[in-house]
Structure formats: C-alpha cells, structure tokens
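Presented sequentially are two complexes of chain A, the first with chain B as partner and the second with chain C.
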Partner chain A sequence: MSIQTTLTPRSRNRNMDQLQLLLPIMVPVLLISFIPLVRGIYIGFTDYELGGQISFSGLENYRIMLHDRFFWRSMGVGFLWTAVVTALQIGLGMILALLLNQGLRWTSLYSVLMLVPWAMPPIVRGLMWRQIYSPDTGALNLILTQMGLIDAPINWLTSFEWAIPAIIVAGVWGEIPKAALFFLAGLKTIPGSLYEAAELDGASTFSQFRHITLPMMKPIMAAVVSLSFMWNFNAFGLIWILTQGGPGGLTRLPMLAAYEEAFRYGYVGYAAAIGNVMVIIISLFLFFYLRVQLKERTE
Partner chain B sequence: MMRRLISWMLYYKGFIIAALLAIIIISLYVSSELAMRRETVVVQTGPLRFLSLAWQEEAVEAVREITGQWNAQHPEQQVEYIQGTWNSIHDYLITGFETGDIPDIFHYESAIIVDFALRGYLADLSPYITDEMQADVLEVDWSSVTRPSGEVIGIPFINESFIVLYNQDLFEKEGIAVPSFEEPWTWADLQEAAQKLTKDLDNDGTVDQWGVAMGLRNSANIIMNHSIAFGGSFFYQNEQGMIETRVGAPEKELLSVILDMLYQEKTMSPSCIGKSSTEMLPGFLSGKYAMVVAIGTWARQQVQENAPADLRWSVMPPMKAKTQAMGLNTQTLSIPKSCTRQAVAMEFISYLLSSENMTRLAGSDWMMPTRKSSLNDPRFQTEANGWQVVTKSAQYLSTGPWVGLPGYIEWKSRVANPIFQELFAGRLNLEEAAIRIEKESNSVLARYQVRGLKW
Partner chain C sequence: MQISNILSSRSLKRRITRFLMHGLILTFLVYLLFPLIWMISTSFKPTAEIYSGIPSLIPKVFTGEHYLTVFQEKRLLMSIANSLYVGVITSIIVVLISLPAAYALSRYKTAVNKLVMGWILTSQIFPAILIMIPLFLVLRSLHLTDTLSGLVLVYVVWDIPFVLWMLQGYVKEIPIELEEAAAIDGANQTQIIYKIIMPLLLPAIGAAVLFAFISAWNEFFFALVLLKSPDLTTLPVELARYTGIEGQARTGPLAAASFIATIPSIILFAILRKWFSSGALQGAVKG
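Coming up: the complex of A and B.
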C-alpha cells in the first residue's frame, strides 16, 4: 500500500484518463478473447459432444482423463518435446547471440538473416521441413546418401526411431531466433566496464561468461524460458504438417490430442478439459520456475 | 466509515468499471446463447448452396457445367457452387453443423457420413428418391448409406474401390501370365510372382526392382476392405449383444501375407511402411515397383498423365482369397437435417446424378459410377486404361460389417492405423498386435455403446 500514500488526486485523475483511453481496446478484447476463453474453460466441465446437448458434468472429464492412456502418452511426448526444444533453443540461442555480440562485420546482416526462420509461420516451416525430410526427393537423404552415411533413404517422419528427433530439429530451428534476439538485446545492456575490470583481475573468457554474462542475463533467460515453455507446449501447426501425430501416435503432442478429440472424434467437452489441464500445467511450471528465479535475484 | 468506502471505491474505480463492463458483456452473451438454444426455424431463401469435393480438373469442370445447366433451366431455384477440398472438409462441415450455417447439399463419403448420421446431422432422403434411381443404383452402394430403419443418409454416386496396377513389360520379361477374371490370382500367386519380379539389376547387392508396393502408412482401410475376402470381419456380436473386436485367423491372414512379403520374402519395398499408396506411384512409373497393390481406381488418371511414353501398364482383376469380395466406400451427396428446402435440394441431386450426368462425373474422376446404366456406358467398357477390368470388378464389391458401427472412425484412426504401423515397422509381432487391437478396441467402442448409439 506504499503506492497509495504517494498518490495525489492529480495522478489518480491521470489513471482515470488512461482507463478511458483503454476502454475502446478493452471491449474487443473482452468480446473476442475473454469471453471465448471463459466459455472454453466452462466447456471443459461439460459433456459436450458434437451433435449432442451441452450439460454440466463437473469433474467427470478429468476422472476419465486419469485413466486415459492416449492422454498420458501425449502428455509424455509433450513434456519431452517441450523440455528438449526449450533447452536446445536456449543453449543455441545463447551461442548465436554471443557470436553476434562480438562486433563482427556484417552483424546487422546476420541479425536479419537470423530472424528469417522466426518470421515464417509454423505451417510454412512445416512444409519446408517436410520437403527436406522427404524420403524420395528430400535434401537430407540426398546429402547423407552421397556422403555414404546411409545406404537407403530414411523416411524420417514416419519411422519410429527418427520421427521425434526429426520434429525436434525442425522445432528448434524455428525457435532459436526468438531466444537469440532476446539474448542479444540483453547482452547489449551489460556494461563493458564489468568485463574490463574482470580482465584486469585476470579472469579468463570462460569465467567472465560464467560470473558476469550469465548472472546478468538471468532475468532475460527466465523470460525466454517461460515464453518458450508455453509456446512449445502448445505447439500445433508445425507437428500437424510434419507427422499429424504419427507414426503410431508417437508424436501426438497434447494440442494435437485435443484437436483430434474435438474435431475427429467429436468429444468437444473432453478436448476443452485437456486444454484446461494444459493451462494448469503451464501455470504451475511458470509459478515455480519464476519463484525460484526471482528468489535467486533478491538474494 | 462511509467516507472510507467512498475513497476505497474511488481508488479502485478502474477495476469496478472493468468488472461492471465484464458482467454486462457476459450477461449479454449468455442471454444470446440461451436465445440460440431455442429452436428457431428460419425460412431459407436464395440459392441453394452446393459444396463439391471434385478436384481433378476435368471433374471440377463437369460439376460446374452441370450446375450451370440446372441454373439455366431452373431460374426459380438457383444453385450456388462451392468448391471444397478433401483436406479441410471435415472441420468445415463439423463447424457448420454445430453453428447451423451449412451448405444445403454437400459431397463427402459414406464411411464418414455414417458418423454424422449417428450424431443426428443428416436428413433422411428416402422419401425423395425416385424409383428409377432406386432401381438403377447398385444394391451394394445403397447398403453403404442405408440405416436398418430404411433411412437413407446420402446418395452414393461414385464407388471408391481398390485395384492392382501392374507393369506389363516387367511381367512379360519374367514370363508371368497375367491373371484374368476366369483365373484370378490368389495372394500366394501374387507372392510367387513378386519373388520373380524382385531383382538386383546392377548386382550391387541391393534390390532395385521390387515385386510389390503397397501404401502402408494408414493401412486400416486397405486391410479391412481386403480382409473381407478372407472372411475376416474384425467386429463380432457377443452373447450380450455387444460388439466385440476379434483378430482371429481370418483377420490375420492378409496381415501375415504382407509381413511375409516385407520381411521373409523381401519382395515388398520397406519404404512402403511409411508411405501412402499415392506416394508409390513415382516408383511404379519409373519401373522400380512391378505392381502397386490396393490403390484407388482414380490413381489411373495420375498414371496415364505422368507415365513415360514407353510404359505399358494395366489393371488386374481382384485377388482371390476365400472369395474375391472387396469392401467399398462410396462418395455421396447429402442434405443436412437443418435444411428447410430438402425436397428441392434433392431434386437438384437427382438432376446432377441422372444417368447421363453420373457417367460424366464418375468418368472424369476416373472412378466407377454407382448406376448400372452408367456402368454400361461404352466409356467404362473400353480396354484402355484398365476401365473394363475396373467396371467388371463391380460385381465383387461388398460392404464390411463395420458400416454403421458407432465409433468406427475413432477406432480406425486411434487403434487400427497406429497398431498396424507398429506391426509393419517390426515393432510388434502379429500375435502382440492382435492382442493390442482387441484390448484397445474395446475401450474405444465402449464409450459409444454406453451412450446407446444405434445405427
């Protein structure tokens, strides 16, 4: 309540003005975003099936979910995908940002090039990677066979061994730019004097990275990890184009599972319930992750 | 006290306004939702909307032209042509049914509209079918869209069935006699020929000409429709009258033939495992595959259009197991229940599917029409491009016992396709696959049986 005591009538008036300015925006947000969201949450507690009537069913959907093998399998692959893609994207994004921060020539050109994968919609990325992975005409098989690494072309996206690595590579490729861009912005804010001082003290490049860059970058990393976790856990378009959840349901991420429940099998209520569970999982993750991160900062 | 409350309200007035606004909007929304629930009959006027899924160039042109002719002859009831695509039709229709904004006539396929009918989306067309059409369309085609009550959920106009394509030159080179309707091949004959046709032409230790190709990516459709000839039906009624899935000897026969060709005899290219039958066509055209088994009749159009000039190819009569029966799927035209102009919509369907027009539609899509009179058209009787064999195969068409089984679509994509994928990829043996199918099916089908859905 420390803010309250500092508020003068004038600044309160200004708050009011701001709110009035926001109102025109708030109405569409409420209509287009908030109401469908609330309705979606509500449907997750109903037995809505295509062609049927909607009636409230309480926690029935969640009870079914507990014993639903298909659901748990898709959650499993969802976590694997999210963890690996997020980790690789942070690591590789950091490396890319450090390189771009070296003040090389043409840095701005590289930065623009770097953004290209991110500028593409997931669907387009998916189509492109599907071409690359194609067993007959794909670049990947062509290169590997010419190098003599494989004898026969591999059908990457339908093979049980390769489908998951294949979608992860495609996923990471598209997401690195986002991380790198954030990190590059963060690196620019670290004062050069810190490094000069460390250098005078005889710190090696690695320990400069470990003791200056990393701690200074922590808040930004927290933001990127949180955003990427949400984004990756909710991935749909890319995977839908690449594998449609196959082979054998191996790459059926939670979002694909929810889509299939609603649009293929007609269990709209159950699909919305899966969505609700995903929101809860993401919220829990963010809550604990950010709490740990923020605690470390205040210490 | 009062003063404090007022100052509190003043301080939080932003939130209070937002909350009030939210309440107003939500209540508006809820009341409109409730209003929508009430059955309101809107009198529909204007042109009838007709969604077509024709996609081969010639077929699109045919449908558009016939629709144009109708419009010229019926100024009082125009029809608007809407081009749909097979890729997005399902989501489009489902959203349409749920919101009530749906074309008056739509094109789809029997296997899926069965599910729509179970959900109560479709109009019963039986009162509007003319005697002429009733008698002319093949019995088996009607059975793919007729409920036990006699309700007809769509008019079948194209037969989707499977054929075997083969490379005549390669057959002649190996001295393999081509099967005929009088002496059809058994699957064992196919396996034997495939062994002769599988070759390492350049002696580098890897096979570069395969006997058989088959699209095994989503193979449930193929497996189910071909297993009928072995007496395999997958679904059985138990003593309690419940449907039960059984993968016994007849169901396993075709599966083990495929596994043998893949892993024992090595006459089927392993790349079949992750591909659809369409993806096998380039290999057929280049002579890499001597036969493509279980591909749709429409694929002939692609072959004819893309084949190198010196490729001689043809179509084989259906394979014989116990019988030569082959399950079929039909392309249909249906009318949603919510359509208020069903009679006139059906008039348009009858016009579009007159014998003459159907001949044109099916022919331009390179598939079999459902009317006997159309099948007799010279166009379907020529030897060119395998038409005669395709047309003659009509006598073997049948429907599987799963037509109308509630939950079949979910079963196919959730149980059958994934398990067949694992089976053919060598991650399961036949016994394990059979057990898993039986186990997983029952949990999928149970949901539908509990709801008491009846075909």
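Coming up: the complex of A and C.
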C-alpha cells in the first residue's frame, strides 16, 4: 500500500516529464499532420468541390468509383507499376548488395557512387530521364540509331508501347540504391562465423545464400518490401515530370488520378475518396504480407 | 605437382569470379550513373552540338554559356536562394525540436513511446493528396499559405519521423552514467540535453541536418501547391516550370540548372563517404 502511494505520483511525474519533452514535436505534428489527415479522410466522405460547401455524402463517392472506368484503369496501372518496380528493385538491390559485400577492392567507392540517383532531387531525376528519352536530343535514340537498331527516333514517353517500360526503367533506377543500402547494412550484421561453419561443412555458395543469407535477411527484406510497396504505390513526382499520366491516361497512376481530380477538375471530395481507397489497399497489403512474414519467422 | 595444379586452377577460378563481379558492379554503376553523366555533359555542350544528332559523352567543345544563362535568369537565382533559406531553417528547427523528443523516447519507457513510434510508421502510409487540401485550409487560417514560413513548418513536420527515429537510436547508445553525473552536479534536463547529449551526438546530428536539408531542398509537391507568388518558388518548382516553356534552346540551360540543383547532394556524398567508412551506418540501422 505504501509502495503504491509512492509509485503513482512518481510515474505520473515521469509521464509528465516525457510529455514536456515531446511537446515541441507534438504540437506541429498534430496541427500540420494529424488534424489535416483526419479532415482529409473525412472529406473523402463528402461531395466537396473546390470553393464549394462541404456536405457529408456517405458512400456516394465510392459508388461512383465502382463505375468509373478511369479509376479502374489507374488502379490497374498502379498495381502493375508497384509490383514490377518493387520486384525489380528488391531483386537488383539484393544482387548489388551481395556484390558489394564480397570484400572486393574499391567497394567503398562503389557504395558511394551507387547512391547517386537516390540523393538527387526527384524533379531532376525526371528531367534527366526526359532528356535520355527525348526524341530529338535523347541519348537513347541517338545511341540506338547509331548502332543501327532503329531507323527513326522513338518518342518513348508518348508511345503506347513504350511509355510503361520507360517509366519503369526510370522508377527502378531511382529505387535500387535505397534497397541496396538497406540490404548491405543487413548483410553486415550476419556473423561471418555462420559462413565459416557452412564452408567447413562443404556447403556451396548458393546453398549458403539460401540457408544462411536469405533467412537472416528476412526481417530487413520484409521492411524493404513494405516500405517500397507504399512508396511506389504513392509515387507522383517522377511520373508527373515524365508523362503527366499520358499517353491517353496510360501511365496515370492513382496519385496522379487523385491529383487531377482535385486540382484540375476541382472534385476534392472524390480525390480524397481515391486517397482513402489507396490507404485501405496499402493497409490490406501490409496486413497480409506482414502476417505471412511473421508467421514464417515464428515457425 | 597435381596439388599445385589444383591450387592454381582454383586461384584462377577465384580471379575470374572476382573479375566478373567487378564487371557486374560496373554494369550497375553505368545504369545508375549514366543519366547524371549525360546531363552534366549536355550542360557543357554548345546548343548546336546538343542538336547535332551525334551522341557524345565528352563535349567536343566545352562551353559555360548555359551556366551564364542560368545566372542571368532572375527567377532561377531567386528560387535557389529560397530553397537554400527553406532548407537551412528547416534543418535547424527539426533537429532542435526532435532532440528532446528523441531523448524522451529513449530514456523514458512509457505508453507514449508506442504511440509516437506507431505514428511514425502509420504516417508513412497516407498519400500526400489526403493531407494537401485540409493542410491548405489549416495554413490559410494561420495566414501561412504562400509564405516560406508555412512551407518550412510543413517540411519540419515531414522530416520529424525520420530524424526522430534516427536520433533516438543514437541517444540509446550514450551511457546513462554521464547524465547522472551531470544531474548530481545540479544540471537540469534541458541543460543535460543541449550541453551533454547534443555534443556527443554531433555526427548523428550532422547527418540528420543534412538529411533534413536535402529533403527540403528536393521537395516538389507541397511547394507546387502551397506557393503561388513567383518570387517565392523553390528550385524544384522553378525547374518544372522551366521545362513547361518548351523552347528548343532550353535543353542546355535546363541541364545546367538541374546540375546546380544536384550540388547539395554531391556535397552530402563527400560527407557520406566518411560516414560510411566510420561504420556509423550500422549504428543507425541497429537503432
């Protein structure tokens, strides 16, 4: 009893101390991030249009969405983009990280150089790739023409055939460094003794990778896949600069669709509703993906 | 004889593997670096050479004319100044207010920790579009739309999750005895944080400042929507506008301006290299 009475005020005191220290971040986060977010979610259930009144409309936006051809197309290309870019960045990032973890000469130089795309402003990334793809001055057309592989320059970003591969190549390019960096840090935490033991048992390089590296990398892999899925599904800047969603809405990813609904057509309520659907999709993916991952780990 | 044969064939095999691995890494680097190299090369080519239809990595004639053009454009210069201002103020504020919070998270274990960490993670899920409109309304009621201060406020909040997560990992590594000694000497909590913890965290703080600066310097979406006055635009928005004016002769100046926009990142790299070799990276991941 006496212990209780001494403990309670002390722990309350500690809580107060902690809150005081957290106050400088909590006020701006509440004001600039939390409250707008909650309001944004709410706007997704209203028929708010730019400059108009906000009035609650329930699930009306979502009913419209069900029959909105453009919405479904943008979700389709959104999934394609997210799946391909995430898979390629994970695969290529892992290969690069493994190569950089072999203790080769110049590794630290390589590691710094590989980070170049990551640290560039997204706008500049877009501008650079636009220059590469440009029909009259672009490196790709010039090189392919010189090599005799194509007769006439191709306008990669406005071609129905090439626009999607073109944005994927540019997208993966920007995401490899992040994945490789995370994987490299993860590889460094695997104790070398595990490999030495496997080597003594005569395990091949491949089976070492399968039975030591992959299992040890699982947590970091799960983190990178989750983050990449979110970031890729929410991608905006790069595509905006490259294609603005064209040709004919072919590369109109969900974020671009939402942006256009809000800022071009003024359907803010509908744009927020698209945002809400995106949150639900991402949450569902994370829920199922992480559940599978965690289950496997405890087994 | 046979043994030495096997040995030499094995070391030959190893040498070939190593050679192949270097080759593979270089292939990756060509993919990752080519766009930047092409852009830099374009920025130094005379306009006639850019449109000559002949690909060349090294300009036949070097020219600085595109950089001169950029520096004569008042709006571009102004946007560089705005971006510098926003980046510097953002990174200072975010570190100063995140430091006590990072300390609180790593030294007090309460229910609040889970709440804050939970927020850091969930805040990543929401697309910016959901926040944009309500944020605009909030900032307008504070009279902060179309001001650089408003943009700084948004960037500070945007950078908090990563900076906080990074710093609290490092605070954990500082032995608590140091603080206890200071507390005995009569230091209060604020003094402990800014006089004891902060100097010990300088490398991590340096990295956090750089991160915050670069992410503010690079950001496009919020700046695009929140700033309307031409005098206030940041460099990314100005670059995007610059491409909008689809004049042919713009390719060169655009490459030059893009290269200028990349310079802070290049400086970051020079510093990152040191950071890499000192093993600080592992610390960050462990945290």
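One rule holds in what follows: the second predicted complex is superposed on the first by the 283 of 299 C-alpha atoms of A that agree within 3 Å, B and C clash if a C-alpha of one lies under 4 Å from a C-alpha of the other, contacts with A are read in each partner's own complex, and residues count from 1 in each chain.
Definition applied: a residue touches a chain if its C-beta (ideal position, glycine included) is under 8 Å from a C-beta of that chain, and two chains touch if they have at least 3 such contacts.
These numbers were taken from a predicted model, which means no experiment stands behind them.
Here chain B and chain C are compared by how many residues of chain A each touches, and C touches more.
Look at A:31: by the touch rule set out above, it reaches both chain B and chain C. In the superposition on chain A, A:249 contacts chain B only, with no contact to chain C. Once chain A of one complex is fitted onto chain A of the other, the partner contacts of A:136 extend to both chain B and chain C. By the touch criterion defined above, A:265 reaches chain B but does not reach chain C. Legend: residue contacts after superposition of the two complexes on their common chain; A:216 is shown touching neither chain B nor chain C. Of the two partner chains, chain B is the only one touched by A:51; chain C is not. Of the two partner chains placed by superposition, only chain B is touched by A:70; chain C is not.
In the superposed model, A:164 lies in contact with neither chain B nor chain C. By the touch criterion defined above, A:151 lies against chain B but remains apart from chain C after alignment on the C-alpha atoms of chain A. Looking at chain A, you'll find residues 15, 19, 31, 34-35, 136, 263 touch chain B in one structure and chain C in the other. Residues 4, 7, 12, 15-16, 19, 23, 26-27, 30-31, 34-35, 38, 49-52, 70, 135-136, 151-153, 155, 157-160, 246-249, 260, 263-266 of chain A touch chain B in their complex.
On the chain A side of its complex with chain C, the touching residues are 14-15, 17-19, 21-22, 24-25, 28-29, 31-37, 39-41, 43-44, 92, 95-96, 99-100, 102, 104, 106, 108, 110-117, 119-125, 127-132, 134, 136-137, 139, 142-143, 145-146, 173, 176-177, 182, 185-186, 188-189, 227, 230, 234, 236-237, 241, 254-255, 258-259, 262-263, 268, 271-272, 274-276, 278-279, 282-283, 286. Contact residues of chain B toward chain A in the complex are 10-11, 13-14, 17-18, 21-22, 25-26, 29, 90-91, 94, 97-98, 115-116, 118-121, 206, 217, 270-271, 273-275, 279, 282, 409-410, 413-414, 417-419, 421-422, 425, 427. Across the complex, chain A is touched by residues 18, 21-22, 24-25, 28-29, 31-36, 38-39, 42, 50-51, 53-55, 97-98, 100-101, 103-105, 108, 110, 112, 116, 119, 123-135, 137-138, 153-154, 156-158, 160, 164, 189, 193, 214, 217-218, 220-221, 225, 235-236, 239-240, 243, 251, 254-255, 258, 261-262, 265-266, 268-269, 272-273, 276-277, 281-282, 284-286 of chain C.
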